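Sharing a structure with you now.
Labels A, B and C are assigned to the chains in the order they are written; within every chain, residues are numbered from 1.
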């Protein structure tokens, strides 16, 4: 089922001199069973939305529904919701604390009160998914490489087997291969399990490559919610709210100004290549 | 967000009190503390109360804010006042009901105690915490204690440690908030369960926080070396504190308040009354 | 051109507390001319940060085994040096690190920028002039009294750059200085670097794995497994798409597209690095006249 925001307002530091409205009457339905990209400038409320989804934040007013339930209605179910909506924070490797990587991945499932056999299965599955071998599960989280630590931290959330998975900048600071590696794995995981995944990112290139739909936020809330083609159709508007389009899309627009016409908005190298080839072939036939 | 918390209770502003040199403010605070303890007669208390009120008025701090500073000690204040009123058994009996007997001295002591505490809180918070940034206080203290450096006390290093601590407190608070949120999202329960369980939950925050603090320290040390830091010797300062004439006036005025308190001590209100009535 | 840094036959291995050695760099021969702008690329663990830390002496013989020589500003920093000489070199080679939070010492912007000149024992009036100048150079004038923790990541990093600039260094190394920033912050830092380069008196070395940040440099060096894998102009380097892929690096999307077209036999010019050249090349390719 989708995650639904019904007229949600969230105010930081209410009744302090630093009161600041992060969200104002947000209505949003995050569709299920796909990868949704959440993008917007720093301060547009991306992380606030993430923490409202799993109940870490409680709306100042309005309601958040997950699986059709108002997640803030019953205080006793608070914890349950953390397990239902897994949230991977930015730079999650900094939250590792157990003596071994394996124990750290097991921390979430343990808090769920699962039995040992189930915990072991989930740790093994999660480690396999992120590509950590058995030897590294025995190591201290402080003794493995930065990239491995990132993967261990993500495995710690995946091991809770949440129905909804939200990742805040999962690839930040990784090198190109590390980025592709982790994002490809997340996409594969989503496709296999059929869960709903939300990825928060600053990288339009990554959004174009890995997401099915994109939510663009500006300072007033949802600026646009749609397919990639819809989102990238107007690069100038995105620029106005401080965002950019993938470099390849920029190229297409520049070329258009020079008189080249494309049939559809292009946002991946693959699609651009295909279309250009078609155009070249078409001309060849003439 | 947590980073919006102001350190200490400093309220930026540009009142006459804000502009006093931090060194002078430190000295003035000491003088006022001495004065509150020296004062004993009604008249010297009146002097104290009026000067504290003047400082407060000049600082342009709202009354509400001042009340906030009083909040933590309200209970003690009420308790001691109550204690003074009901348990002092000297002076004239002025009220009696059942076992409660109130004497004049009880009332007088209570009022004095009350004024003493109020003045103490008002002057220290108006002079220091509300109008002086923590960093200015650190600098002021460093300057005042500079002579100690001559006998080998590492004043500069203490001051640097203090200011780096002040610099990193907001950063570490923000990180604590993030780590706690992240661990909560993994089902950590910080508020229920046995003591052992809760201690374990805190470990999930403490270990990453410690690791982060160490990382900050190592990288900061590198950055400081890259920027030519090698101890306090030979260092100059961008903002040197300059004593203004008005700063001296403030100090003299505070000293005058203290002197006045001492002078007024032997004089009771009755003497003054006598003078005027004549 | 005078070389500000010269590295000859450099090998470096980290030493752990038990004395075990872990090779990090091997057979490095590089020199950097005064006023040049070089980008060093490489995936995580390729040795690029190690190289930077050796150049400005954050890593020394205490941290591992150094063979070969590094000469910085004419002094051999890998040999015997007095503390004063080492200090002098260190002050003349600035470094901007990844995490802006770990470079800011003071509680106000101006005091932080002043930290370096204060250490150098400069006169307060002179320090004030430097603070004003460097804050203007990074576009942060007017923030003198701000508290660093209230600034955005990009603003903080610009303060860190100003802090390094205030030392008036002859060379600045940017060690993945944009990795933790959002696109706006990244753009601001890249613009600052560009302006510094235009001034011409500072030698710039950036260490990055964002390909788009390397296209503006005069020269690109690719490190892999502790050795120099490629060294040339951005055009030369990014035309070798296959080789870059083999060391887990990307090329800009524009370059990638033309590389694919070239592979398909539809394009035979130089591979463009920027959108402008790319659009022009595309227009020419599709033979459409304006």
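We adopt the following convention: a residue touches a chain if its C-beta (ideal position, glycine included) is under 8 Å from a C-beta of that chain, and two chains touch if they have at least 3 such contacts.
Because the structure is predicted, anything quoted here is derived from the model rather than measured.
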{"item": "Neighbouring chains shared between subunit A and subunit C, ordered by label", "value": "B"}
{"item": "Farthest chain relative to subunit C (centres taken as mean CA coordinates)", "value": "B"}
{"item": "Of B-C and A-B, whichever chain pair has more C-beta contact pairs", "value": "B-C"}
{"item": "Subunit A-subunit C separation of Cα centroids, rounded to whole Å", "value": "30"}
{"item": "Chain centre separation in whole Å, for subunit C relative to subunit B (CA means)", "value": "46"}
{"item": "Gap in Å, rounded to a whole number, between the CA centres of subunit B and subunit A", "value": "46"}
{"item": "Footprint of subunit C on subunit B - complex, ascending", "value": "3, 133-135, 163-164, 166-167, 170-171, 174, 215-216, 219-220, 222-230, 234-240"}
{"item": "Subunit A-facing residues of subunit C, complex", "value": "43-45, 98, 152-153, 179-180, 182-185, 209, 211-212, 248-250, 252-254, 256-257, 260-261, 264, 266, 275-276, 278-280, 282-283, 285-290"}
{"item": "Touching residues on subunit A, where the partner in the complex is subunit B", "value": "12-13, 16, 18, 20, 51, 54, 56, 79, 82-83, 86-87, 89, 92, 94-97, 107-108, 111-112, 142, 156-157, 160"}
{"item": "Subunit C-touching residues of subunit A, taken from the complex the two chains share", "value": "41-42, 145-147, 172-178, 202, 205, 242-244, 246-248, 250-251, 254-255, 257-260, 269, 272-273, 276-277, 279-280, 283"}
{"item": "Contact set on subunit B toward subunit A in their complex", "value": "1, 4-5, 175, 178-179, 181-189, 203-204, 207-208, 211-212"}
